[in-house]
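Two complexes, one shared chain (subunit A), two partners (subunit B, subunit C).
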Partner chain A sequence: MSAVEHQGTVLGELRQAELPVVAANRRRGPAAVKNASVKLLGAVVVTILLVFMVGPLVWLMLRAFSGLWQFPQFLPSTWTVQWWRSVFDDKNLAHSIKLSFEFAPVVTILSAVICLPAAYAFSRFNFPGRRVLLISLFATNAFPKIGLYVSMAGVFYTLNLMGTFMGVVIVQLIGTIVFMTWIPTAAFSAIPRSLEEAARDVGAGPLRVFFRVTFPLAAPGILVAMILSFLAAFDEAQGTFLVGIPNYITMPTEMYTLVLNYPEQAAAVFSILLAIPSVILMSFARRHVMGGRLAEGFQIR
Partner chain B sequence: MTELRPAGLLIDRVSKDLGGRRIVDDMQLEVHAGELTCLLGPSGCGKTTTLRMIGGFLQPDAGRILIDGADVSFLAPERRPTSMVFQNYALWPHMTVFKNVAFGLKLRKLPKKEIRERVEHVLELVGLTHHIQSYPARISGGEQQRVALARALVLEPKVLLLDEPLSNLDAKLRVRVREDIREIQQRIGITTVFVTHDQDEALSISDRIAVMSGGKVEQYADPRTLYREPATHFVASFVGAMNFYRATLHDNAIELPDGTRIACDGVSQNGAAPVEVGVRPEDVEVRTDGDGAEATVVREIPRGHYKELVLTVGGDEVRAFVGTEVTSPERLRVRFNRAVVYEGGSAVSEAKEPVATA
Partner chain C sequence: MVLPPVAVVAVFIGFPVGTAIAYTLGKVGGPNSTIALIAQRQHVAHHGVTTAAYREVLGNPHVRTDLYATIWVTLVAVACVVVLSWAIALYLRLSDSWIARVVSALSVIPLFIPVVIASYAILTFYAATGFMRTLAYHVGWHSFPTLGYTLTAVVIGLVWVNVPFGVLMMSSGLNSVPNALIEAARDSGASLPRTVRSVLFPMNVIPTVIVATFTGIYCLGSFTVPYLTGPSAPNLLGVSMQQFFGSFNQPQQAEVMAMIVFVLAVGIGTIYVWANVRAAKRASSTS
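Now for the complex of A and B:
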């Protein structure tokens, strides 16, 4: 009896003595190692991202101001602003900038006029084929665009739209439809119907309800859609090139000529110019619109 | 807000199908001018659908809805003399409290000065003048609820509709706001339809309650009648707690299937066939000695100012509400002070006070 008791006590003491150490190891050791490795991995990923995202931009900036820059050198040996001057002096280039800023707003507004009512319908009414239509809007983006544009060109020839302002507007419009439909559809869907019903209840007709309640509440989403559409139209090159030449040469289509006719420094200058509206509009969108809107736009059921 | 001219509401044999299912089935209901009627029932019983038909958000498939004698069945919501308080309040987040309340008045092209006066007056009525320039997101749920009420009242509707207006509030606030709503409703004497699934809410604020089930009105009566004399099994089980027994009736006693007899005032023999007997827990009298059926205590549940005893009598369960001072030994004796007898789901005994139907 006493022997058993004795043994029991010894075992008990042993266990007590060992336990805290084991527990501490289990608590601190692996968790800390895991934490550190996660941090390291994070740092590596961020660095790689930075190199890939910022690297080309830095290179572009250097190129735009570089004079002589030979292969093994890390930095250009001479600096110059002559490429900027030659871009701004070229009448064609200045004209293409002006044209781009004419097309993009027209396309954006036209796209809004066409797509917003559709977006409202997608959000509020459950009609046959709703899902199929909604998803098919992606179809234009799912295939290489050039194929689409070539077949459009055939139609445009018979309609006498080749080389016309309207033709270019239509071809640019294609790329904006997905943004202008999906994002506002989500924005409208996010508005509880009871807000509209409450407005009906106090005496507003359907149109007034839309303009006083629905539209103001969906405005941030619509604004994001308009910014993305503006940029899509502004940056559209292939279709505009195919339909617009030789009458309408916008900034992105001018890039083709630039790359062929000028040293690549001029192209660098031009791409920086082309990027400016994107940077401004994107930062505007980020500052004034909730971040979730864009993501919401592609989660419609 | 000047004086409201109260108007009556008549739901005349209205039916409505939604998604291939009959939601409201040949419903008949009249709400007197200035009366507060609760539509009470479980979810899916058709109460909200009924309210939405009164408000004009749905149109009846059959039947008519009359307000003040005029058929409004097919008028759009903006053309009806009704105002609705929505379950989620549905305040417009991009407008201040003032603009929310003033919106309907602006649509009516009233002079600016009058709009301001009426908005201020109604906000005073609901006690929210200090939040007149706040946005809805900046005020509490209870305050939003009162803004929604003010927005409905400012238009001086003939009928006020409330769709489970308290379900998003916490329990304490719910009790206070419902008393506020009742107080305001009585002060301005507006005809009101109040939808709720909370029997406690319905019993405490209504002039009359319409208990709904399966798209029909099971019983339409004042809270006291509804509680004391539930017309159907459904009403009895939905409103308050009720013990149900299959039993045969004797004079002043009922007999459970196993032969146990429990003394029960006011019942009389009516043949040998078993019927359904309903007894409220507060009508169960519990004694420690004397006569009465023998009962065993299974569980004792404290309920604050009273306690609930779960007993077994002759193989059946009896729930009784007793005072906290009652000590419960294992064995007790019970008798029933009052019972309602049902046959085929409807009440047959109990001298009923005339149930107001019209």
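Now for the complex of A and C:
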């Protein structure tokens, strides 16, 4: 714990030394404007957020516990937990939950192994075509997924990947590459080279410099990238459905069936279950995501 | 070191996109032979290439309506995301009250929620028996429209999903505006709107462009939100692609639609790249 805090202060001091402006902004105080229009803006923003962002989720929660609920009542007239029982008793659903938790970690680790060295290279070496390559990774976002999966099926059939574990891993992997490259690239770039050079000067080898200096400082950015990748893999439904069927039906894939075929309450229960891992993971990473790690990753330099 | 991710992208995205382009132009041999075996209503080029598939798809009035719906929904959703995330980020920059802390927590909630669930929650919220209609009924507005399964619901869903990214980007941009600049403007008598227009806005252009372009590209290719919350027809091209491939067994037509969306997305992507390169040049010339 103290080591982590220590790194935090080191990074904090670096930032202050390098960018006094940003550091000064950390202490928000002085520029906070006391003004009626700011208060009005706040009221509007809070209302929109509560109704528009939070409302649907609360409504869904209520539905998961509702027995009889008639329009136009704000709350169900009878409450029940029978939908929870029916979801837990369904073997298919339990199996899909287990599968989801198998795929997502495998995909995240594989993605990290493939992308992190590249992220380091992108940030440290200015080779020809560097920017073009960074942007070309972004093409993974620009081509619509369905079109991609349709023609990817051809490649998968040739490589015998259809309906296999590896096939699903690959389909989920391609959705994580942008996060796993861009965000850590920005995280590595934020570390001043002088720090690494200083460690070299006092006799540390390149590996030791990387693992004792570079990696710990970039760790929060890498953590954000890993969590976003985990969630991307965990949420991926379309490609998993096309490639994994009939052997590998994960939670989000099952969700489509549920929404279309089951009583609304069962789908609501399943939704809540599916959201739990995301909520837990994101609450761990919240501070780093909010701290601009994500934002930095999306500005190509 | 750069090779592994580039290779993965080249093999599993670059190559399929390349074969898809060939397929839409009537090339059914090689890597396309498997899919060509099962496809219906295929346009085959015996010599060179043929644009027959493009002509058929673009000549289909349903597809054209879907295309217009896609563009329209994208434009509206992007405008809403930009305005909403600007408003939230601006409030967070100018206020340090406890309400601002609550707002900053609330605005990133969608990051925590899988898109499938968000879509489903939004669908039930705006359904005939949903909260919005219930609320409207109690305040005496009995004819409040049912928004579930409409393009409006699709816009709402897409905005919901994209606001956190917008807020994070805009906040990061606005936080890099020095306090001293804001105070100087205020001290010299600028009103708050004037300060926003002349100081904060010019310094937050790049994040605004990034939010607009990423949201635009996301909306153009989106599937889950329009599939679950949207109407049967017209809906976004992402859904029609799925239908043409899955239900009508016409992969070539689906790929043509993917190309249309891709061209639009590349157009938007160019704006993003141009803005970034310009900003990078400026940064290197000043330092």
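One rule holds for everything that comes next: the second predicted complex is superposed on the first by the 259 of 301 C-alpha atoms of A that agree within 3 Å, B and C clash if a C-alpha of one lies under 4 Å from a C-alpha of the other, contacts with A are read in each partner's own complex, and residues count from 1 in each chain.
The rule we apply is simple: a contact is a pair of C-beta atoms (placed from the backbone, for glycine too) under 8 Å apart; a residue touches a chain by one contact, two chains touch by 3 or more.
On a predicted model such as this, the values are computed, not experimentally measured, just so you know.
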**Request:** Would you sort A:216 into first (subunit B), second (subunit C), both or neither based on which partner it touches?
**Result:** first
**Item:** First (subunit B), second (subunit C), both or neither touched by A:197
**Value:** first
**Request:** Kindly classify A:205 by the partners it touches after superposition: subunit B alone (first), subunit C alone (second), both, or neither?
**Result:** first
**Request:** State whether A:278 touches subunit B only (first), subunit C only (second), both chains, or neither.
**Result:** second
**Message:** Touch test for A:146: subunit B only (first), subunit C only (second), both, or neither?
**Reply:** second
**Asked** Who does A:52 touch here: subunit B (first), subunit C (second), both, or neither?
**Response** second
**Prompt:** Which partner does A:181 contact after superposing on A: first (subunit B), second (subunit C), both, neither?
**Reply:** second
**Request:** Look at A:109 in the shared chain and tell me whether it touches subunit B only, subunit C only, both, or neither; answer first, second, both or neither.
**Result:** neither
**Asked** Of subunit B and subunit C, which one touches more of subunit A's residues?
**Response** C
**Message:** Considering only the contact definition stated at the top, list the common interface residues of subunit A for subunit B and subunit C.
**Reply:** none
**Request:** Could you pull out which subunit A residues touch subunit B in their complex?
**Result:** 192, 194-195, 197-205, 208, 212-213, 216-217
**Request:** Within their complex, state which residues of subunit C touch subunit A.
**Result:** 1-6, 8-9, 11-17, 19-20, 23, 31-32, 34-35, 84, 87-88, 90-91, 93-97, 99-100, 102-104, 106-118, 120-122, 124-125, 128-131, 133-134, 137-138, 156, 160, 163, 165, 168-169, 171-173, 175-180, 182-183, 186, 192-193, 206-207, 210, 214, 217-218, 220-221, 223-224, 228, 237-238, 241-242, 245, 251, 254-255, 257-259, 261-262, 265-266, 269, 273, 276-277, 279-280, 283
**Request:** Would you mind writing out the residues of subunit A in touch with subunit C in their complex?
**Result:** 21-22, 24-25, 28-33, 35, 37-38, 41-42, 44-46, 48-50, 52-57, 59-60, 63, 69, 71-74, 114-115, 117-118, 120-122, 127, 131, 133, 135-148, 150-155, 157-158, 170, 173-174, 177, 180-181, 231, 234-235, 237-238, 252, 255-256, 259, 264, 267-268, 271, 274-275, 278-279, 282-283, 286, 289-290, 292, 294-296, 298-301
**Message:** List the residues on subunit B that touch subunit A in their complex, please.
**Reply:** 55-57, 76-79, 82-84, 86-88, 90-94, 103-104, 107-108, 151-152, 155
